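Each in structure tokens, the structures are laid out below.
The same subunit A turns up in both complexes below, where it pairs with subunit B and then with subunit C.
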Partner chain A sequence: MSAGASARQVPRLLFYGRLVAAQLEMSTLTALQYRLGFWTEGLLGLLWSVIGIAPLFVAVDHLGAVEGWGRWKLVVLTGCFTILSGLFTALLQPALRESMTHILKGTLDYVLLRPADGLVLCLTCAFHPWHLVEVLGGLVLVIAGLWLGEVEVTATGLLAGLATGAAGLMALYAFGVLVLCASFRALQLQALTHVMEALMDFGRWPAQVFPPALRLLFTFVIPLLVMTSYPAEALLGRLSWGTVAELAAVSATLLVLARLAWVRSVRGYTSASS
Partner chain B sequence: MTAAMVRVEGLCKRFSVPRREAGLRAALRALVRREYRVVEAVRDLEFSLAPGERVGFLGPNGAGKTTTLKMLAGLIVPSAGQVEVAGFTPSERRPEFLRRVSLVMGQKRQLSWDLPAIDNFEFNRVVYEIDPAHYKRRLEELTALLDVGEVMRRPVRQLSLGERMKCELVAALLHGPQVLFLDEPTIGLDVSMQLGIREFIRRYNAEHGATVILTSHYMEDVAALCPRILVIDGGRLRFDGSIEALRRQIRPLRRVSVRAAALPDDPTAMGRVVLREGGRLVLDVAPERVPEVVGALVALPEAQDLAVQDAPLEEVMRALFGREEAAEIG
Partner chain C sequence: MSERAGQLGRVIAAVWRISLAEAIAYRVSMLMWVLTTTFPLVSLALWSGLAAGGPIGDYARPDFVAYFVAAFLLRQFTASWVVWELSGQIRDGGLNTLLMRPMSPMLYHAIQNLAALPIRCALALPIGVVVLVLAGGLVWPSPGSLALLGLSLALAWLLNLAVHVAIGCLAFWVTESTALFEVWLGLYLVLSGASVPTSLYPAGLAEVVRALPFHASLGFPVELAIGRATGAAATHGLLLQALWVAAFGSLAAVLWRRGVRAYEGVGT
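Up next is the complex of A and B:
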């Protein structure tokens, strides 16, 4: 029998690297399959990014100081938000929607039968490449904000910013997994992805604008501030390593919870009848 | 003695399903306090399959066939009992196990709708870590057998149902599974495509020795492909054996038909009359009386089209599921 013979055992990390690359390639091939669709989606993606950032350019002259956030520092924050929002719409949102469709149609069976981690397969099963333009736009905003605000970014500040950003991204994915797990229970809960999108909008604003109770909620329960406000603060050199560690711990806890929820959901999976 | 490829002992699956009375009041009450009913989809199943066997699961809708198939594939976790497939516990879903099995569902597709099947195959090569040279050989072999060399280069959405099913089979077999689960693989296909798929499965089984487990509502599929059948009804195993053995137990009578210029006045003496219309007579006859009855029918004036057949499998199944006793047969 050829199954064992054909399977080349490679280190798991390398295998998952190849697997994610293959999933992204499939999504890119799908995007490229229809020329008109490709260019339309591209145009809409660009338009969407510009619309998202445009109000900032209009209001930049009128931005008042928000407790330690000058005009250009707010631009840095908006950049961080745009990066995260771009990653969400390019990577996580399409994967969540596709996975929920799999649950609805019963084709999750095929995903779960592949010899790889089902959660990794679900979280990388769809991708909207054009939305990565938003990420680039966000990067430009961060750099422009830092440049025009004459902020000197230190190596430790950059490292803390990247670490906090990574923690924020982990928190976002963990949150997405919890939403996906909820849709195993009731497909109507798919609407939670829209709630998630709406909630993410709070990430546009600095932590200081929220009253203490909301700040705690958006840091420890729905960690939106971990995703945007804190990475910006870290880049500006205003975040202690202790706080960075706390935020990483919040994200790690959320990831563990999400993983447990996934394992439980898959064990209870009944598969749609044919 | 060869170790079993599939071993099932005391397998049970219970689902908790919500229930309520009809009407708005009951619906509102269920919002606050929902009642659940436990449904036993599979009860105490026991069987084992040898490597390379072709086995058909038969049973009416909701009998528990697909649930059993999905427990064997590791998709559904059993409520009780033991399952072992290729030496693994399926519900653990270990990669080493998943590389040894494959599932094809006639009503659900694994191929991406917008892409040519060849792109999907390439994706499966990465997922199953198939060596490129081996993949090339395997793809050539399967595409030649199923005649999809050109078809696999067109987007899946443009393929006919039969072409799509052939591509689904290629995708499912590229990694060389030891156990192949087929859930209604020929559903909706025309007769020639059904024959083609059946022939392919038989040939694949013969050449690669893979164990094939099939569920199908088309009795011809099961009759043509599976020397052994497991009849499941109400979640219980009601028969395990060959189709011939099932026929002998449930409908032992042979069906004898003839066309003649004049029919006997009282054919009930020969057997049970199924049809008497114009010059055509169809009888169900006890096996030991067949030679005598055939002799009498041949002697009829202008006798022609004489045929002796087993009862159609559909009738056997109808008779089986129509029986009131729930006791296991055979």
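Up next is the complex of A and C:
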């Protein structure tokens, strides 16, 4: 049974790999039609991610350091934030908006009818490649911050950083799917992606600054800090493996919840098209 | 003349009623928009946490509470979303219908904006009150400064509207004008005082930031509301607001006029 199942699963995985690649290629071609968008959204998005550090620097200016985070450590944190917000605006946000429009207009039928998993199709149906510039910029910031702050990054620190970063990305996707499921019930929820975007901005701040209640909220319910603050701490070698495991568990739970919510929502979906 | 004015009045009233009904119909969506603007409240938590050890600049902990709650409430009064509607209508031809109506599309958008204000405030006021109860009271401004605050709010609303229309009108020539607006929004969040009071910026930089339109559209009315801008500073701020309204208002008017002339009415 298991041998047969795994033999069937390999071509299935390949199929999904090809499917995602094809979807991304298509949306890249569409996106390249808007060249002005590249300059304004990509490069200025990067600029904005860097300008957004201003409130933090105002705080450092007055206080010397914010809860043990000096200037260069904050640059590392900003880098982590920029990478994540770049991934969000490049991959997740456009797909969510497009899928919500599908739900609103009733054209989700055509997506669901295709011979592949509906959720995979929904999450790859749009892509804004120019925002990947922000991801590159974020990487530069992280490296520059570590370099200028003279932080020695150990192999385990790097590994922990990557693991928490991956957990953060998974949590972000899970949260996005939950938002998508909510839009089956209440229409006109495109605004929710703006709420997400506005909320993500608080990922710029170190976890220690938040009051306990908000810290719990932003770790377990809206896992902002898992995405930005914790990976930066891991890179700086200040995070224990226990915490890393906890964060991974949070992300995994959210993913399972999101998948269940999706299955339920699609079952309850009554087409709205004519 | 008076007949025409009466007719315009009836048209305006009709649009108001429709917009209000729309706002009520999509109240969940409206609540979401209100939620996006709760952002100053999280900033409040952050800054009052940082100020626990002592005042930051000239802001002690209660000052931060007053500042950010005021920022949250005043943002509801001055909010606008014309840029999304306008650029969409220009792109898909929805503007055609508006142009056929017996009133300027600009007036239509302005009334639509105003009509949503009561709902927005009804949704936002309880949140503001709860935060005030949890975090400590707010000193109410005197009646004289309330009048000034009203004036300043009206100017801030006009300024926001003018910026939205000006950027939205760019859609007559470029397809992705909303991308430019995102840039504006990014600068707004940092420079308007929504995430940090602008007076806390380092000396030299603060003066520059406070002269920009971002501060005029949020930071200044907030400082007026919490009694930080009085006397000459208040007059100065109001003048600066009026100046920015005039600048962006005329820019919007020019762009709109030229745009309509260039408009080809694609779509329907």
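Convention: the second predicted complex is superposed on the first by the 231 of 274 C-alpha atoms of A that agree within 3 Å, B and C clash if a C-alpha of one lies under 4 Å from a C-alpha of the other, contacts with A are read in each partner's own complex, and residues count from 1 in each chain.
By definition in this document, a residue touches a chain if its C-beta (ideal position, glycine included) is under 8 Å from a C-beta of that chain, and two chains touch if they have at least 3 such contacts.
Keep in mind the model is a prediction, meaning the values are calculated, not measured.
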Partner chain(s) touched by A:22 [first = subunit B, second = subunit C, both, neither]: first
A:107 touches, of subunit B and subunit C: first, second, both or neither? first
Touching partner for A:192 - first (subunit B), second (subunit C), both, neither: second
Touched partner set for A:44, first subunit B, second subunit C, both or neither: second
Touched partner set for A:210, first subunit B, second subunit C, both or neither: second
Overlap of the subunit B and subunit C footprints on subunit A, listed as residue numbers: 34
Residue numbers on subunit A that touch subunit B, as the complex places them: 1-10, 15, 18-19, 22-23, 25-26, 29-30, 33-34, 105-107, 109-110, 112-116, 118, 267-271, 273-274
Contact footprint of subunit C on subunit A as seen in their complex: 34, 36-37, 40-41, 44-45, 48, 51-52, 54-55, 58-59, 61-63, 66, 186-189, 191-192, 194-195, 198-199, 201-202, 205, 209-211, 214
Contact footprint of subunit A on subunit C as seen in their complex: 26, 28-29, 32-33, 35-36, 39, 42-43, 45-47, 49-50, 53, 56-57, 174-176, 179-180, 182-183, 186-187, 189-190, 195-196, 200-202
Complex interface listing, subunit B residues touching subunit A: 15, 66, 70, 73-77, 93, 95-96, 98-103, 105-110, 112, 114-115, 119-120, 122-123, 126-131, 134-135, 138, 155, 175-178, 183-184, 208-210
